[in-house]
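Beneath this line is the structure, given in structure tokens, with notes to follow.
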Amino acid sequence: MNTSFFGELLNSITLQGRSLIDGRKGRLSEVPLGSLCDQLLSGRGEASGVAIAEEVLLNYGKLSREERLTFFRTLYQDFGADTQKIANLAKELAEKADDPVLQRRLHSASEPRRQELIRRLNLAPGGTKSLVAMRSDLLDCLAEEPDLKEVDRDFEHLFSSWFNRGFLVMRRIDWQTPANILEKIIQYEAVHEITGWDDLRRRIGLADRRLYAFFHPALVDDLLIFVEVALTREIPGAIGPILAEQRAEIRADEAATAVFYSISNCQRGLRGISFGNFLIKQVVEELRRELPNLKTFVTLSPVPGFTKWLSQSLAEDKGLAGAALSGQQLDALRDRTWQDNEELSKDLETVMPALGAHYLTQEKSRGARPLDPVARFHIGNGARLERVHWNADLSENGLRQAHSLMVNYLYDLKDIERNHENFAATGSVAASAQVTRLLRQLPEQKQTKSEA
Amino acid sequence: MNTSFFGELLNSITLQGRSLIDGRKGRLSEVPLGSLCDQLLSGRGEASGVAIAEEVLLNYGKLSREERLTFFRTLYQDFGADTQKIANLAKELAEKADDPVLQRRLHSASEPRRQELIRRLNLAPGGTKSLVAMRSDLLDCLAEEPDLKEVDRDFEHLFSSWFNRGFLVMRRIDWQTPANILEKIIQYEAVHEITGWDDLRRRIGLADRRLYAFFHPALVDDLLIFVEVALTREIPGAIGPILAEQRAEIRADEAATAVFYSISNCQRGLRGISFGNFLIKQVVEELRRELPNLKTFVTLSPVPGFTKWLSQSLAEDKGLAGAALSGQQLDALRDRTWQDNEELSKDLETVMPALGAHYLTQEKSRGARPLDPVARFHIGNGARLERVHWNADLSENGLRQAHSLMVNYLYDLKDIERNHENFAATGSVAASAQVTRLLRQLPEQKQTKSEA
Amino acid sequence: MNTSFFGELLNSITLQGRSLIDGRKGRLSEVPLGSLCDQLLSGRGEASGVAIAEEVLLNYGKLSREERLTFFRTLYQDFGADTQKIANLAKELAEKADDPVLQRRLHSASEPRRQELIRRLNLAPGGTKSLVAMRSDLLDCLAEEPDLKEVDRDFEHLFSSWFNRGFLVMRRIDWQTPANILEKIIQYEAVHEITGWDDLRRRIGLADRRLYAFFHPALVDDLLIFVEVALTREIPGAIGPILAEQRAEIRADEAATAVFYSISNCQRGLRGISFGNFLIKQVVEELRRELPNLKTFVTLSPVPGFTKWLSQSLAEDKGLAGAALSGQQLDALRDRTWQDNEELSKDLETVMPALGAHYLTQEKSRGARPLDPVARFHIGNGARLERVHWNADLSENGLRQAHSLMVNYLYDLKDIERNHENFAATGSVAASAQVTRLLRQLPEQKQTKSEA
Amino acid sequence: MNTSFFGELLNSITLQGRSLIDGRKGRLSEVPLGSLCDQLLSGRGEASGVAIAEEVLLNYGKLSREERLTFFRTLYQDFGADTQKIANLAKELAEKADDPVLQRRLHSASEPRRQELIRRLNLAPGGTKSLVAMRSDLLDCLAEEPDLKEVDRDFEHLFSSWFNRGFLVMRRIDWQTPANILEKIIQYEAVHEITGWDDLRRRIGLADRRLYAFFHPALVDDLLIFVEVALTREIPGAIGPILAEQRAEIRADEAATAVFYSISNCQRGLRGISFGNFLIKQVVEELRRELPNLKTFVTLSPVPGFTKWLSQSLAEDKGLAGAALSGQQLDALRDRTWQDNEELSKDLETVMPALGAHYLTQEKSRGARPLDPVARFHIGNGARLERVHWNADLSENGLRQAHSLMVNYLYDLKDIERNHENFAATGSVAASAQVTRLLRQLPEQKQTKSEA
């Protein structure tokens, strides 16, 4: 209540954003982009900095893909650290390695000039938005030009600071939200596609559905990440009923469970800056405050690496999957005949969840983290693997990547820290008793190895 | 118009701020602060980071001045860079000084650990506000403990990035502004004291007065800097009529001149991060858009170093001041008799403005910048010294620091860059013809020297 | 700027509206509706009024169409004025007809009790919305039950007072507007159907399109009326190019003309309360302020009664249409062959606009107002008939009702009062020189008659 | 949440209000005000209505007190009902008194023309505000010119409709509220004066203090009524500790009791339109929702008529007061010596609360309502007299009007309707057991009489 003055503050930001879009009709500079960047860095005052920053970003926006690559190479080669200065300081340091002032001068000399360049580009109105877009372009070039990873690290370093959790704002998105934000939700949804405005309304406009997003004040009218929540009576075992067009809506105060069924990052240019962990936890707190009847907070998550792992396991001599699955079961999986055959499906249900549980809790990548990326995220956040469901995602994608398996990760705020610490210390994946029982159903096996 | 959604975003920030104030009832940790900071840095995930960050800031807030000093010493000694790693890398570098990866690793190793510590402390709700306060405390310790300047540099470095102009929001403050903001204006005004709510209303609630401020989204309900503006027909030559209780108000569209008569920085903890330059220029643009009748944008500024310089000049053998001022004039200045004697005052007016013009345009400090701090600021921004006024500030402070002199600096947007460049290249202070004429009235003198 | 506090006020209204929707779970009263209404009227204080009002509206909402009719009959028969009291007062009045107190008592006695009933129903949260819906139901019953017109007059009387122009708020609707408002725009558009969200975005999200609406604080999240505006270089002569999916967007400051091409009333329950006149004029003022480049404000309007009049005229002996149109032209009109035949079309263009001009300016209904309802509205507002276009609306509706004719009415604020007064005094329809010339092309004719 | 769009709506209202203030520079009309009003009424369309309405209000605003009286007389004499029409209809009615159409025509004819005039004046921007001010002027004239009460009834009738509870908006006022609203609070407080901004902050800026107000969308930036609330542990028995500068603040969630200690109507021009009842009940609901720990909702109210009644009772032969009070007690009351004499005070405490209880529950005015106006209000709302306190208000006003007595009225939502109905049916004042016990302490007395 009564927070309106501060709310009003942002109006000006929006207006800046708008005038930016309208106003960028300035003539394109003839000066090469690299020289402009040099000018921006050499500027002894702020007097002309904003103008040059705007010009750089404006000119950048007109570049072809090829020219952008050239520009990034310039950033790599010409806007690195000062080698001579470093060399001199390194020599000085040989004498007194523990001198803090010397260390600081070395730190300063070894900072690539492009970091300061990026900071100064951010002076331009709308600069942050442009820089996030620029990094997205840069990411496209990394495969081709691995050296540019050095440039990328500078972006990532600065963005981590600017998009610090302390500067993020969480907002609920609903049917009263402006259309320009909503259309971005449709566009950004990455897990379960939103097919149009009617589908969107089903996800945000009903009493038992919620959507929360993080925003950053400098990214006007755009989102960083959002999570979709269903309020249900029980922990759900399949995605179909959640997304169904026709279903019985319940009142929010009838729900006992909050289900995080989709989480989407919106800004490719912010890759590596993590928001999801904070968002989920803040939503849990918000929902607990608003709806004291909610007792359970779980995800309904895909298992994107399961099919791939299963194939590899089958290919191995004495692999677990080969030992666990009969020939008939393998055929049914391959031909998807179980979908129309309840008996086959029930038969697979006796073993597939157990294999899923094994995959998620026992199969580790380098660094002893779960092989599955979604598991890595939630387990890393301190969540617990709660249930594994067969016949849970019948979309083409769900069948292809996980033979229809889906799982619930449970967020229990009071266990999160302990789970996390335990996982960090021992690599052990927190799992419910139900999941543990699943694991015991599998044939004995040689010790699980980590990926090299 | 229609920017309300984004405006709403900030509600949550405010709520965070409030709940922070209410909610900080957590028990004080028994763990020493330094260990907590170590824990925060060593945390492998974000799961417990926010909680530890909160605890550090909470505990810090309870420290006595002595304990804070100890804490800052710990930051200096134990949270610097990794000396051993630096030494090793420096050795490697001897071979291949131009290897960007090596340079980057050196840059990374030479970053004091307290930088990352400060970033993580910013995860706590209200973290930014607490960190700004912490640096304010730190500044108090620098005189006593000069080593801590190294710590201060790390704060300053991060704050420069976080309080980048791209993240600032300008807002007009008026009589519709919430009282909690207005009381801060009263408290922060640093140039011409605001004596209470009635005085405040005269400065913001009338048609020919404006006040603009910069805000930062993470500093809830607080200001960074503000500037007070009077809309007048002519360029004013004294502060008294501007602040008078009884005066003839004019309509905004009757004004031809906008006068910046007071500019106050509000956050001691942000010392060294400059906002004033951007604020003045944005206000000029805002006012030009809103009131096309405004043709002239000037300050009405004090000359804080004039009296001091004059004394030094008089003490010098063959100093300019001694040559320019008669014995009678010197007496009148010393005894302030001119205030009640129009003749004496008129006599001084023939020479004092000229001496002021000389002081502001010719007397330079190290680095060839004007000796006077206010001149340094405006001239550095690209403004021009427009007029020098005698009998302009009769407050005790005005008499003591500048024998009543005040000046106008002119902001002409089309000349600002050129003035600035010219000043940067040659050290020459932009001045109006009128000021140049004043200079010619002075006796010939040996070449002005810069301070050593 | 800085209007946020007041803006915040409305939050509570919205919350009221929401809790209303959520909260109406109260049990249905067993008391008959008529008795509840009696209770509401007899209540000597406000203590229980709100609760009873809520109950009446809740119960009303559950009625079938039949039961609603019964309820309205009850309002007619049992909630009229107090006949006995009137009779007595009328007798008293015979003696002293000019006694203001007696007059007032008579006025009071002759007010149907249902007026006070409606006022008290409005005490319920969301009462206004429910009452507007109730009147919409009532309008459905009037044909069947003409006596109920007396009840309807009471609604209309009160609504005129409540929806007084002084209480209306105009807002621009654009792509930043909340989706729940936007979907109402799609649903309410009555002139040129909006086919979906993409079509909507073309009408509100581009630089040369505007949409303005009137709201009332008591009708939460709903609209009263809206008008769609196209910003163009020239006065347009057809609707197709305005609505085209692919067209060249122009900047707002390139436009010289604002075209009101659609105006839709949204609340059937507010029939007879006129908003359109005020809306158009306020939009004209708003646009003039924002875009000084706009010189011309016109509508692009349908001519809904033209085809009907033409048929009647043709059926008359010596009718104007028969005299003006050749047999070939009549055939082309009837068979719509001109649409594929440029020659036929050009031929019709020589006469059809003239007939349209005649219809709009000369054919009057009872009361000497234009026969055409759209003309009646705009001419009554003081607008001028500016142009008549052939081949302008090729939609099925446009062809059927007006053989493709459309017209522009011009709103010139400085002439509006004069036009209006002139029209009120003489019944003469303001028309441009171009329209007057069209009229002269028609064959001489007997004096136009008004409808009986 | 997410109610921002609707909130935005009000911006335009505010802007209207502002431009009104700025814009009313139109020339004063030479046409007499009465003729302008006639023009406004005769206008056949809306085209010129707004302009004439503005002109009437503008001209009215320039009138002297004398001229205003003349204007009101004109409203009385020349803008009444149509006597001839009434007379004719009255004759027709003699035949068929129960004809609803005839009744309606009579109702219409007997409406004073000034009602429609007032409705049309409300078309002007800011019209509602001007009309409320006009009625305030009118109230000043009633004593002098009782006939004008007829005019006043018309204002009151329309205002009742316009300021219907359904159109009011409740808002909490706190230290984040804009200063222009806050200064009105200072100005309007009618019960316990606010001495300045510091005092105000103590009443709205602390955790255990609240202030709520009703607003109306057409009265921009102004209040209708507000109530001040203290959150306390116990039911308070004196006003001093509530208003004390230095006192121990408690957290809102530590409070068990909400005390309404001041309620002020702000708009004299809305006299007779009651808001207080609704406001108190809505605040009770709001606080119960926000702070479930609150169990008791009471007022701390003055007893404005007590001293007067006591004097009358003492003057009566065999009056109750004379029987109850000893000569020493009477002396102590008259000389206020009890204030410095604890013994005397304690002695008075044995009888004064009982007399207060008697006065409030037994002494009735015409219509069997409590003689005391504050009791009339709260008892009429359905509250219960809970406690009577001696030595409770030591301000000059408190001593003069009630010999320091104050009382608590209890709002128990579940009893309110029953209390109210009971009171309406039997005139019996709801009182607590404690109050009933007080009554029994008094000497037996003849039956209490009602005022004639």
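As written, the chain order gives the labels A, B, C and D, with residue 1 at the start of each chain.
Operating definition for what follows: contacts are C-beta pairs under 8 Å (C-beta built on N, C-alpha and C of every residue); 3 or more make two chains touch, one makes a residue touch a chain.
Worth saying up front: this structure is predicted, and the values here are computed from it rather than measured.
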item: Chain separated most widely from chain D, comparing mean CA positions; value: A
item: Angular offset of chain C relative to chain D [C-alpha, multiple of 5 degrees]; value: 180
item: Approximate Å spacing (C-alpha centroids) for the pair chain C, chain D; value: 39
item: Distance between the centres, which are taken as Cα means, of chain C and chain A, whole angstrom; value: 50
item: Separation of chain B from chain C, taking each centre as the mean of its C-alpha atoms, in whole Å; value: 58
item: For chain D, residues that touch 2 or more chains besides their own; value: 1-5, 7-8, 11, 176-178, 221
item: Residue ranges of chain D touching chain B (in the complex, touch as defined); value: 1-2, 4-5, 7-8, 11, 175-180, 182, 197, 201, 205, 221
item: Chain B residues touching chain A - in the complex, by the definition given at the top; value: 2-15, 44-48, 50-51, 76, 80-81, 83-84, 86-87, 90-91, 93-94, 97-98, 100-101, 103-104, 106-107, 110-112, 119, 122-125, 127-128, 147, 150, 153, 158, 160-162, 164-167, 169-171, 177-178, 181, 215, 217-218, 220-221, 274, 277-278, 380-382, 416-417, 419-421, 424
